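The following pair of complexes shares a single chain, subunit A, combined with subunit B in the former and subunit C in the latter.
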Partner chain A sequence: MKPGTFAAFVAPSVVLMILFIAGPLVSVLVQSFYVTRQVFETTTVENCTPGFLAPVCTTEARSRPKQKPGGGVETETVFVGFEAYRLLLQPDAVAAAFAPGGGGFERLLTIDFYKALRFTLTFTLITLPLVIGLGLAIALAVDAAAKRLRGVLIFASLLPFIITPVIGALAIRWLFIGDGILTAALEAILQRDIALFAEGWTIEILMLFYRVWHVAPFAFVVFYAALQTVDQDTLESAIIDGASRTERLRYVVIPHLMPLIVFVALIHLMDSYRVFEEVIGFSSQAHRISLQWLTFSFLMPDETGNRSISRASASSMLTMVGIIILLIPLLMRTWRDHRRKR
Partner chain B sequence: MLKTILAAALVSTALAGPAYAACAFRNDVPIKSLTAAFDAWKAVTAAMAECGNVQAELDQEFRRKQPDAFAANPALYQLGGVANGTLTPLLNAGTIRPLDDLVAKYGQNLTPNQLIRIDGRIMAVAMMVNAQHFMYRSDILQELGIQPPKTYDEVLAAAERIRASGKMQHPLGGTFKAGWDLAQEFNNMFLGFGGSFTNANNTPAVNGPAGVRALEMLKRLSTYMDPEYLAADSTAVQRSFQQGRIAMANLWASRAGALDNPAESQVVGKVAMAAAPIAMAGGKPATTLWWDGFVVARNIPDAQADAAFRVAMEGIDEEMVRANNAAAVWLIKGYQPNRLAEGAIQSAMGGAPNYPSTTVMGLMHAAIGEKIADFMTGRRDATQTLADIEASYLVKAREAGLVR
Partner chain C sequence: MADTRTLAPPLALKLTIAAFLTVWVVVALFPLLWITVMSFRAPVDALAANPWTVLIGPATRRLSGGISPLALIIWLAVPVLAYRVAVRHGALAAGLMTPRWLGWIAATLIYSVLLAAMVWLAVPAFVRILEGVAGAIPGVSVLAEPWIGLTLDHYRAVWIQHEFYQNFFNSMIVTFGVVLISLTVGTLAGYGLARSGSNLAFWLLVIALVFRALPHSVLVTGYVPAFLGSRELLEPLWQAPVIGWFLSLFSPNAPSLYGQPLAIIIVLVSINQPFTIWMMRSFFQNIPSELDEAARVDGCSHFGAFVRVIMPVMWPGVITTGLFSFLLAYNDYLVTALLLDAQSQTMVPAISSFLNRDTRASDQIEAIAAAVSITAPLFLLVMVFQKQIVSGLTQGAVKG
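Presenting the complex of A and B:
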């Protein structure tokens, strides 16, 4: 292909990527270095609120945002450098935690960012092997099932993936919270009071379970499709050579699936590092938060209508850095394979 | 959060029942309102709808939607329902208009008590008051010979006796949902112990004896609650009462009507109302007084504001109150306080303070909501939690520009 033709072909996607990916990223990066705030003035004002029988009026000094003459309020934007990152990462508190008598990891995990990071990492790394393993197991099982049953089996196994994530999480929550039917059933069997939503670790297990249940069908579909293309001749010769079922799986099927296992792992790492729906669906904020939820909570207006845009931007930049670090080993592997093939 | 979104309902003109006499005038300007979704707002918006061309949106998540919807030009809603706390973001953004001239024109039936004045100007018109106050199962307390508790120590003693009697494992309820609700419980208790949130220069002042005592009291109360208390919002506590699973709670007055609603409650007539308990000897009832009422958007033509205000006045007129006397503790003429209103009125008479509509309070409330769950789950002790709250408040206050 001539360079000119090539350029003409990729130009639209390059433009779109700059517009929708690079542009916003740069904008978020810039916003993480600035804070926009209101200009407050202190005035002595009279305020009245209802009381019983008569209103209660008080005259006192209050800080209030300066109003612009034409409506709206005055704001100012100031450059704060890495202040937002410092507020998130709290290096001083971390240093204090690891100083003698500082509380160590236990203290570290009470700082929002590290609490979120801890949960996000455990969540990602525990669900990854489970999703791949379960997906592969279902794919092998369906592949071995009688042809007539396969359609029904595929449909049934795909169902969890079709459900909207938040709705699925809510459904599981209602099954278990308070005296939900499954909790009630467990209580009846075990003859003891169970409160699954009273402690962090039980909620965490439910969240892990939910994610595996929800995403395994995706891995299953990918692996199942790949299983249809396994070289039958190789399999047959393996059988003639006396390879057992496990050996065939290990030396023929898995190597054939390997590129797709890497693909599923990549997608799953990216997806689960952005874990969010589970925190909302299971209302786990008191016990477990994720990095994405942290960004979300900064973005939501607080009781004064203020949004922490600066900290939200810093938090999303850090989330992105985290994903890149996680993906490096897998990307390097793909790159090596690519080089070898050339 | 989500279930409240699901609970959001649309009441349109078509749905308005013929329960009230028709509106005094024919409204031909399309009016939209965004309010909370509890019973009082249902009654008021239904009465407004009789004027025609009114589309009322009732949504418990209104506090998230209102600031942006009112900041739009033209505003997406002409009328908003707010309370002390939710007035702050609108005031700060300057997106609501002063109502002095409209009150002079159409507000003949309003009492001075209904006019919310900020900086001398009327910024909102209140229709009802609300407060968290003590509710208890009079039948259970009577059966066990327990005097209705007046202080939090008596509440704990009563809870212990109910538990010991084997009637209930978790006799106490509380709106302890992590975040805003739990922070509000802390506010009540903190004020009850005589605390004050900030110094004159807007720096925080919660990390003191009152803060520690408030936190410790909350933890002692939680030992008598269902272990999943960190997920219990007002609706959850209301349900627990209705289903007879709890005997005592400090709950919003606006929820009292539902406890006497035979369609959904199993404890009709059995729940008595009282002032919020006192936290320390000689203290005031440990609660804050709230009002709910109307604001009118700034970014709309004056003619629309005019029509919107008239419609709102129809919504909060005497007829509506007569038909819905039990739905709230109304501030409107013609209201007859009933036994359900006793708790709120006694709390106010006892000197419970108003919840201030200030930026300082809003930021403090948010900071407390973020950090307090760590104390309840035992990850941080009382002074550490209070230090965390102060640090978080300072970060927010600096970001908002309040503290330099």
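Presenting the complex of A and C:
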């Protein structure tokens, strides 16, 4: 294909990606060094209260938002360097936390950014083996099930995957919240009062459960499709060699699935690093927040209607650094494959 | 197979597998089924601690009537049967007319009318007759008595009183816009990338991969100030000599993009683009390049070959990619919550307004009814397109 034709085919897509992905990225980077704020001016106000003989007057200096000539509040955008990052990372507080008697990690995790980072990372790492394990187990089980049942099983498994994430999280929350049906069942079994939404760690377990429930079907479908292409000759020779069921799984099936396990793991790392909907669905912001939610909360207007764009930009940039670190191994592998092919 | 007996699992393993699969199916379906049941019950029943109360709904029956098990079974069977009939005989009915697409339209119309008549007239009558017959037989009569509570109040409140249909329309506009545009753009790019082995194509794909991994909040942070200040940003375009005249045909002043579903479409299409081109590329790689090369030997241009030879065979890939675009647009919360206002909100972010309105007991059940309403189209989607979804998931994986 000639370069010109190639360009014609990809142009619309490339233009969209430059305008709406690369463009915003650059603007976020720039925004993170600037802050837009209201201009305040100091005025002296004289307040007089009626008094005997002469009114009692006090003068005080007040600062108030400067009004624009045409109405509205005047704003200015100033370069602040790494101020937004500093506000987010709070190096002073970190230093104080690790100073003797500062409280160490416990103190550190009260700062929003580290709280979000901690949750995002543990969330990603804990769900990863669970998703792969459960996905593989379902795939092997469905593969062993009767042919007539497989369609129904796949249909039932696809539902948790296809459902709107916020709605899926809500569905699970409604089963547990207050005296929800499953909380009541747990209380009956354990013979004690349970309030799952009062503490951070119980909510976190529910969030982990939701994510595994939501993503395991994806792993299942990928593994199941690959199971159909396992080399039957190798399996047969393994049987002739007297390999037991577990040995066949260990030495024939798993190696065959290995590239796909890596693939699912990578996709899962990327996706669960973006954890966000769980925080909304379980309303966990008082206890557990994620990096994406942190940015989201800066972007939502606060009580006065202001959005802290500058801080949102800084936290976006830091989130991005994380995803790039996650991606480096994948990119290096792709590059090696590409070079080998040429 | 040499020896099928050694391959057949022993009984203990079989039982373990069966038990495991049963548990999984229950876990997979229970949350969704349970909230569906809850949405049809009065708050007292829906929030009861006893599962039996939720399933039967005694208070609901006292308040707003009930339905007999027989009728319930029939009403649940109707959509399944309707779907079966459509799948089995649809193609045949459509084939009765030429051209075929006209046949499809006619068949769909006639089928809808028939179905509506069935649902409004025939099925209720059938249910009543059956209930009458079953009620007369001792032993079976328990099936004909309306002892399962059922109420549609919450759905009525959500869709009529709280005007959820507006959110539904917004969702439809956004979703169909996204699917249409991202398929058009993505198909062209995917074809180009699949047929070009150049370094440039490789780097484009790598950059797209990085873009795909970006958290959406990063991009939205870039959009929010631009959207809020879009009137000032776009004003110079409207003042420009030729372009300004052209643009003023559509609106006299520069529009504010914030709160515009149409602006959201472009944003979601772009966010979706990296994924779309990867997926379409892997589909096109499966179409042998000899096919379009043959067309080119016969004197077609690249674009001509694409239209004449590739387009007729690419539909499975397009449908699958379209499904995933649909899901992305339909399920989005982050982008739509930040860039749309209350009037132009799509369904998913609109549900938070139901969650926040938590003063009466029925508010919670209304939120559940809204959630079930959002899930229903997805349920249909899986039912109709199960094969395509599975092939899409594995396609990306195999080529990944």
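Following the convention adopted for this analysis, the second predicted complex is superposed on the first by the 282 of 342 C-alpha atoms of A that agree within 3 Å, B and C clash if a C-alpha of one lies under 4 Å from a C-alpha of the other, contacts with A are read in each partner's own complex, and residues count from 1 in each chain.
Methods note: a contact is a pair of C-beta atoms (placed from the backbone, for glycine too) under 8 Å apart; a residue touches a chain by one contact, two chains touch by 3 or more.
Given the structure is predicted, the values throughout are model-derived calculations rather than measurements.
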Partner chain in contact with A:M300 - subunit B first, subunit C second, else both or neither: both
Dominant contact partner of subunit A by residue count, subunit C or subunit B: C
Touched partner set for A:G101, first subunit B, second subunit C, both or neither: neither
Partner chain in contact with A:G51 - subunit B first, subunit C second, else both or neither: first
Which superposed partner A:G178 touches (first subunit B, second subunit C, both, neither): both
Which of subunit B and subunit C A:Q285 touches, first, second, both or neither: first
Which of subunit B and subunit C A:F155 touches, first, second, both or neither: second
Which superposed partner A:L170 touches (first subunit B, second subunit C, both, neither): both
Which superposed partner A:P91 touches (first subunit B, second subunit C, both, neither): neither
Touching both subunit B and subunit C, residues of subunit A: 166, 170, 178, 280, 283, 300
Contacting residues of subunit A [partner subunit B, same complex]: 35, 37-40, 43, 45-57, 61-65, 67-68, 71-73, 76, 87, 106, 109-110, 112, 166, 170, 177-178, 193, 195, 197-198, 200, 280-281, 283, 285-287, 297, 300-306, 308, 310-311
Interface residues, subunit B side, partner subunit A - complex: 1-3, 64, 67-68, 84-85, 88-94, 112-120, 126, 129, 169, 177-180, 200, 202, 226-231, 289, 291, 298-299, 331, 345, 348-349, 354, 357-363, 365-366, 370, 373-374, 376-377, 379-380, 384, 388, 395-396, 398-402
Residue numbers on subunit C that touch subunit A, as the complex places them: 1-3, 6-7, 9, 13-14, 17-18, 20-21, 24-25, 27-32, 34-35, 38, 47, 49-51, 54, 184-186, 188-189, 191-193, 195-196, 198, 200-202, 204, 206-226, 266-267, 269-271, 273-274, 277, 302-303, 327, 330-331, 333-334, 337-338, 348, 351-352, 355, 364, 367-368, 371, 374-375, 378-379, 381-383, 386, 389-390, 393-394, 397-398, 400
Footprint of subunit C on subunit A - complex, ascending: 1-3, 5-6, 8-10, 12-14, 16-17, 19-21, 23-25, 27-28, 31, 137-138, 141-142, 144-145, 151, 153-160, 162-168, 170-172, 174-175, 178-179, 181, 184-185, 213, 217-218, 221-222, 225-226, 232, 236, 239-240, 245, 260, 263-264, 270, 273-274, 276-277, 280, 283, 291-292, 295-296, 299-300, 307, 309, 312-313, 316-317, 319-320, 323-324, 326-327, 330-331, 334-335, 338
